[in-house]
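A short write-up of the structure that comes next.
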Amino acid sequence: MEYLLQVKDLKKYFPIKKGLFSKTVNYVKAVDGISFNIVNGETLGLVGESGCGKSTAGRTILRLYEPTSGEVIIDEIKFTDLDKESLRKKRKDMQIIFQDPYASLNPRLSAGEIIGRAIDIHNIASGKERQEKILSLLDTVGLSSSHYNRYPNEFSGGQRQRIGIARALAVNPKLIICDEAVSALDVSIQAQIINLLEDIQEKYKITYIFIAHNMAVVKHISNNIAVMYLGKIVEMADKDELFDNPMHPYTRALLSAIPVPDPSIKHKRVRLQGDVPSPIDIPEGCRFCKRCPEKTDVCEKIEPELIDLGGGHMVACHNRR
Amino acid sequence: MAEISKDTQAEKKVKNRSSKKPGLGLWKRLKKNKLAMAGLFIVSIIFIVALFAPLISPYDPDKQDVTIRLLKIGSPGHILGTDEYGRDLLSRVIYGARISLLVGFCSVAFGLIFGVILGLVSGYYSKLDSIIMRIVDILLAFPGVLLALAIVSALGPGIINVIIAIGIWSVPTVARVVRSTVLYIKELDYVTAARALGDTDFNIIFREILPNCISPIIVYATMRLATAILSAATLSFLGLGAQPPMAEWGAMASTGRNFIYQAPHLTLIPGAAIIIVVFGFNSLGDGLRDALDPNLKNNL
Amino acid sequence: MGVLLEVNDLKTYFYTMEGIVPAVDGVSFSINKGETLGIVGESGSGKSVAARSIMRLIPSPPGKIINGSIIFNGEDILSKKDKDMREIRGNKIAMIFQDPMTSLNPLFTIGDQIIEAIMIHQKLSKKEAIENAVEMLKLVGIPSPEKRIKDYPHQMSGGMRQRVMIAMALSCRPDLLIADEPTTALDVTIQAQILELISDIKDKFNMSVMIITHDLGVVAGVADKIIVMYAGKLMEYGDVSSIFSSPLHPYTKGLMESVPKIKTEGKRLKSIAGSLPNLTENFKGCRFAERCSMANNMCFLSEPDLTEVDGRQVRCFLYPNGEV
Amino acid sequence: QNNQPTNQPVEQKLTYVSMTDAVGVSPILTNDSASSNVLRGVYETLFMKDPVTGEIKPLLAESYTNPDPNTWVITLKKDIKFQDGTPFTSEAVKYTFEKILDPATASPRASLIKSVDKIEAPDDYTVILHTSETYGIMLTALAHDNLSIVNPAADKAGDINRDATNAGTGPFIFKEWVPGDHITLVKNPNYWQGEPKLDTVIYKVVPEMATAVTMIENGEADFMVSVPPEHLDRLKNNPDVTVTMLEGNPTRYVGFNFEKAPFDNLKVRQAVSYALNRDAYIGTLNGLGYKSKGIIGPRLIGYDKEIENHGYDYDVAKAKQLLAEAGYPDGFKAVLSVGNTDMYMKMAPYVQAQLKEINIDVELNVLDWASYLAHCKAGEQQMYINGWSNVTGDGEELLYPQFYSKSIGASNYSRYNKPEMDELIIKTRVTVDQTERVKYLREANIKFTDDVAWVPMFNDNVTLAARKNVKGIAFESNNEFRLNNAYKE
Amino acid sequence: MLNYIIKRLIQLIPVLIGVSIVVFLMIYLIPGDAAEIIGGPAATADEVANIRIKLGLDRPMHEQYLRYMSGVLKGDLGFSFQTGQPVSEAIKTRYVNTFKLAVFSAVVAAIIGVCAGIIAAVKQNSWFDYLCMSVATLGISAPTFWIGLMLIIVFCVKFKIFTISGFTGQIWTKEGLKGMVLPAVTLGFNSAAMIARMTRSSVLEIIHQDYIHTARAKGLSEKIVVLKHALKNSLIPIVTVIGVNFGSLLGGTVVVESVFAINGIGRLMVQAINARDFPMVQGAVLIVATTFVLVNLITDIIYAAIDPRISYK
């Protein structure tokens, strides 16, 4: 299988500075060594609690944050090694769609201009061709030419999200990172956008990293799912495998927490104690052990590695060997 | 994609309702604000007066005739009376509008050009931030009057130097206002999106960030215009501003204060003119701020 | 099980620059003692306004309750004096809000904020009130509450703050708890904890709960009855199992089908096209007609009334005679 | 508040208001008028000018003789004591003058006795001054406040420029100075001319004229000098205030830079002089100015009525004609430098407007005072407005600083430099025979006036405004006052 | 906290050095010097040269600056060129006057401004609100000198209630207080207006926050909601304006000081620069700048006292 994207032991630490001379006293280990590969045209779902480093991972892959260490290889090119100018040129391969449909569009530019600017940056088209490209992009995301001259404040949340998608598509990317792209939307609109994303993937063979905390949504759209906890991937598998046979206690808790829109099902919940610990003082041993209902002695001492248990089902847990 | 086309149908309504540019909604909100409209009215009148001063004013503002010194308000031929040289006060007040607007606009423009650039650079490049902000601190800690005094002593009193003095005076505050807006805006997703698209820093600063700092800048500029006009008047009062025979309101009020008992109108009228214009700009600025403020918008 | 709250033909309008927004436009429902009512609907459909109307906490101007009655424990809330209303707020009816991050005053300790209500409503001394507050915090599962009571909100996580909010709301043992999207801002795992907590406490105190959400999964788990709101109107109202098993209104159906389900495999999601209509316009037909896949001409011309179908209320021309 | 009649004796406390604070209270180190007003109460000079006649008469001195033109033998009065009780002797005079002449002191008025090269004190009551060149105006110089005699003991004990307690022989003893606010003097009960009637004198600083005037009106202050024209009527019309007005010696003028074209041309200067309507301007001064055509004004030694037949009257036609003759039929552009004080700022637009009538397009160059001084000393100005206030009341103290060639770069702003005029000026200085000296002064006055060295705009009328109940202030034409005999009713 | 304060005080040093360099350059770049002023119009060139030597003005520029600064490091601000008085002494009396005036008017302005602002916010869009805000806008639109002159005309000339020069710097005596009133009102008018506007808008903003809804939902009376919950939260911007205003009050009292004949630091500064009295200008500017920075520091400390989320370690 050919991988479009390979991420190898990617880390992103944010320094915490203090004192008169801004000395770095500590780090927020937002992403603490994650590795995965995505096959061209597939979708990787990335789930986990708030603050576990999903967005940071996404942005670090795009080098919107400079990675602390690790490698990102896209299409055989080592993205992490590019110098500033080549990086700028190469950026069109990877795009991002944001959660907040309000903050993600420049309120001073019309929908057409927003997409047009993306085209201009990489000189993808000009003149009449450019115009046509913008219109066709608008059409692709389900907007019409009448929207061309409208400003973001005249659009609803769902429509804004469509403009954001069109902007990302404008540079013909190979990969799009959807950072909670549907989380802020109402269920009815959410479904529209998910459908749109699927249509686009089919049409252009685009690869997605789909970040979300809603397991059901992720399951719907992904091929594989990675579960993150405190900067690390704790479980990764094919989506059906993951849902049918969750291995990591955290994954189980997550799955059981999903509210089911069916009053007849009263299922048992795995209750987790406490909250996510801070990524500054990461506990020794297994990161999850403080909240884990199944923890053993070894969990507190040794950090488990992510191990393939067969069939690409990878888990980082001492109790699943 | 049947749903999608339907979607757009539904949106047609939105289209009819919405105005084209984001600015038009602003006008609508501004119109509701009585104080702001009063401000706008005043400012427009002053503009017209300043523009057509030679046509409107009954006399040459510098024409002296000591035989008719210190006429009272309502004297025939001189509605607002005359000053100590027998110059027509109305004409001088009319011409004074020109100077006040000139000082206001030029000094604010001066302050804005430098302040905005400093603010943008300092907000966007965190490495330069602390150096620029230290300089700004020094300027801020420096007493304004003294700065004006020094500039005027060095370059000589006069309107241009007043403009420079007041301009320099506003640089640090503009820089701060812009910087804090930039710090906020540069973290917004649309700026990140521009970076993700591979846009250059220059484009990001001037095409993504700057246009979105415009509203605080406009609001600040209107308010600052008011302050600039006031400061110019105060400098003139201290003898550092406009020089004779220039019909500047502050200078007029200042020389007029010597006649405060015999001819109080010499101080009263230019003083009132200052208040009216400054009031105009302040109310307009207030109104703009409210109209541009997303918080208040939602609650109205 | 007597009726605790009865809302009749409630209309709350906002008089804005853009025009009049009928945020809640003739909504009627009731809640029995010990019952949980869920209100669902898209963002902007008027759920929060309906809830705030019950508390009489509509910002005025621009908002105004222009019609209807809200009978709580047999008394009409809308005709009460402000002072009497304060006796009800926090005491008889308590409310918690969507975002625990912004719903607590950042400048006061959580203890302060909890005892405030206790001291006013129960006329207790400060010391007693603190004891009371500690007990409530323990009840909502905050470890070592004696210490945490001196913490400021920013020293707690989102889930803990939401618990504090609940403790605060429960501190005077209200008859009715209104929870306006109490878990939207929380993580899934925390959300599950909070929802469980609300159900537990409801049973313990025999409280009535009105829970507002746009997440159908949430109401399915906790509510007894459900209101589906759309653009200020009540579209469907009935008990939870029947609405989930056989939604009548096309909007309700649309909502249900939009939700990706874990069991149903890989199919394309059904979605409701378009978005909420602009309420300031004088609406003629059914407010949902624009987006309705079953709409016909009549739907654009006049608005359907609520009809009783199968023990539920539905606002749709599909059920002219109360039949499915 | 002071209006109700009381039987109790009135508090003998007099408050003087002025716009500026003193710079110091030592005669050696100051030379401004605000300081002089204080000095005059604390210290005394050897000679003084009679306030009425202008004649120089002995004060601390008893008499003097000139054995030769370069020697001045001065006999001192006996039985005069400094305020601390030490006797006033020739040693004090020697001490004071030597200190002034010491370059390390950097006394700003050292030039007053610069020609003195040796001071002798043969006995306690005799002082002999030897000059290197004849110095005809020795007596006027010795009457200058800045040549007041200081108490050597006090000067050695501390900085009398800041704290002048017991530093003089005068009627009042320095008590307190709150810089920027006020200076307090108290009476010297052992004063040699008899105990003063006032107990306390306060010099209060009020920088805003309108405020100062109001204070006089309200009785918060007792008197002020130099009332500006705008406020004069108010004070005059106030029944509680008496305004005394005298013809004064300060002159206000429009000056030229003789080194810069076109003002090196006599015809141009004459044209300017003809173009200025002085009478009209004086009309705006509310009686605070009077006209004299000469450069040495009526209140100075050296003035004579004949000068009024010289000079130039207002005549625009003539002005234009002269300008044409000078080669400027269409006028020209000029810059008029002004220091930003009220009085000159008022004159400047007037001059500007008047010169416009003869097509001289004047641009005003307004400068703050320090810059103005530097600017004029450097000769950067083309035309300028200034005034000259004479301390000694002698015309020489105008000609020498203003027109003597060696004063270029200092007080000779006009850069006037004509050898024959220099010679005349020196004569007015060195001639010891007073009648002859006055003759030279008159001659100089005519010559300078004819040459339009300045265009005199007006001479000040000096004013003193005091509360009705204040009596006995001796007031002079140079704006100076003495409080020796002042009292309150 | 203590560390933080020390750190801030250390940061003051570069600012002050910067300020002193600016002042120094300023004084030396503008034409005219102290010797000429001391000599006056009649002084001869020799006299002026002697004065220059005495003042050290004949030395090279950097030497003068270094000599001055080494004095400052030893706590010696030097002597006034013009009067020979020790600068520290000259500044002290004036500074105390200005400071008292500024504090007094800031306190009065803050009380009036905050009260008016709260009422206006609570009664938003009422006639009181409109009146208050119109007056406040007028207040920030009127030049200080004009307000001062008008007050004098009304209260000293027409009604003779106050005396113009009554300022003695004493606050605790009746007379002293009386003398403080007019200058304080003149000075405080602008600030009160500004504070009122800021209070109003910040209370209005806070009053729409979620936790205010929570407070109301608890059944608290409107009075408690506003005065406890809303006001405390609005305090940060209010404290900021008060701080900024106070800072500019100290630097900008020249006008009031001359109109009311107050012997303050503003006037001293103007006189000193007019006299090119470098040590005096330098001393005055340094003290004003220090105050400005200290006021900022105090504002920051107040922030921490108000808001537990802000902690300076």
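Residue numbering begins at 1 within each chain, and the chains themselves are lettered A, B, C, D and E in the order written.
The rule we apply is simple: contacts are C-beta pairs under 8 Å (C-beta built on N, C-alpha and C of every residue); 3 or more make two chains touch, one makes a residue touch a chain.
Protein names from UniProt, one per chain: A = Oligopeptide transport ATP-binding protein OppF; B = Glutathione transport system permease protein GsiD; C = Oligopeptide transport ATP-binding protein OppD; E = Glutathione transport system permease protein GsiC.
Computed from a predicted structure; not experimentally measured.
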Least hop count linking chain C to chain D through chains in contact: 2
Chain pair, C-E or A-C, that carries the greater number of C-beta contacts: A-C
Chain A and chain D, separation of their C-alpha mean positions in angstrom: 87
Mean-CA-position distance for chain E and chain D (Å): 39
Chain B and chain E, separation of their C-alpha mean positions in angstrom: 23
Centroid spacing, where centroids are CA-atom means, of chain B and chain D in whole angstrom: 47
Multi-partner residues of chain D (at least 2 other chains): 210, 367-368, 370-371
Junction residues of chain E, two or more chains touched: 30-32, 149, 157, 208, 258, 274
For chain C, residues that touch 2 or more chains besides their own: 59, 271, 273, 275
Contact footprint of chain E on chain D as seen in their complex: 23-24, 29, 31-32, 103-111, 159, 161-162, 178-181, 204-208, 210-212, 214-215, 217-218, 220-221, 367-375, 377, 386, 388, 401, 407, 409-411
Residues of chain B that touch chain D when the two form their complex: 62-64, 66-67, 69, 84-85, 149, 152-153, 156-158, 239-240, 243-245, 255, 257-262
Of all residues in chain C, those that touch chain B in their complex: 16-17, 59, 62, 271, 273-275, 277-278, 281, 290-291
Touching residues (chain side chain C, partner chain E) in the complex: 52, 55, 57, 59, 61, 82, 86-91, 94-95, 97-99, 102-108, 116-117, 120-121, 152, 154, 165, 168
Chain C-touching residues of chain E, taken from the complex the two chains share: 125, 208-211, 213-222, 224, 229, 232-233, 306-309
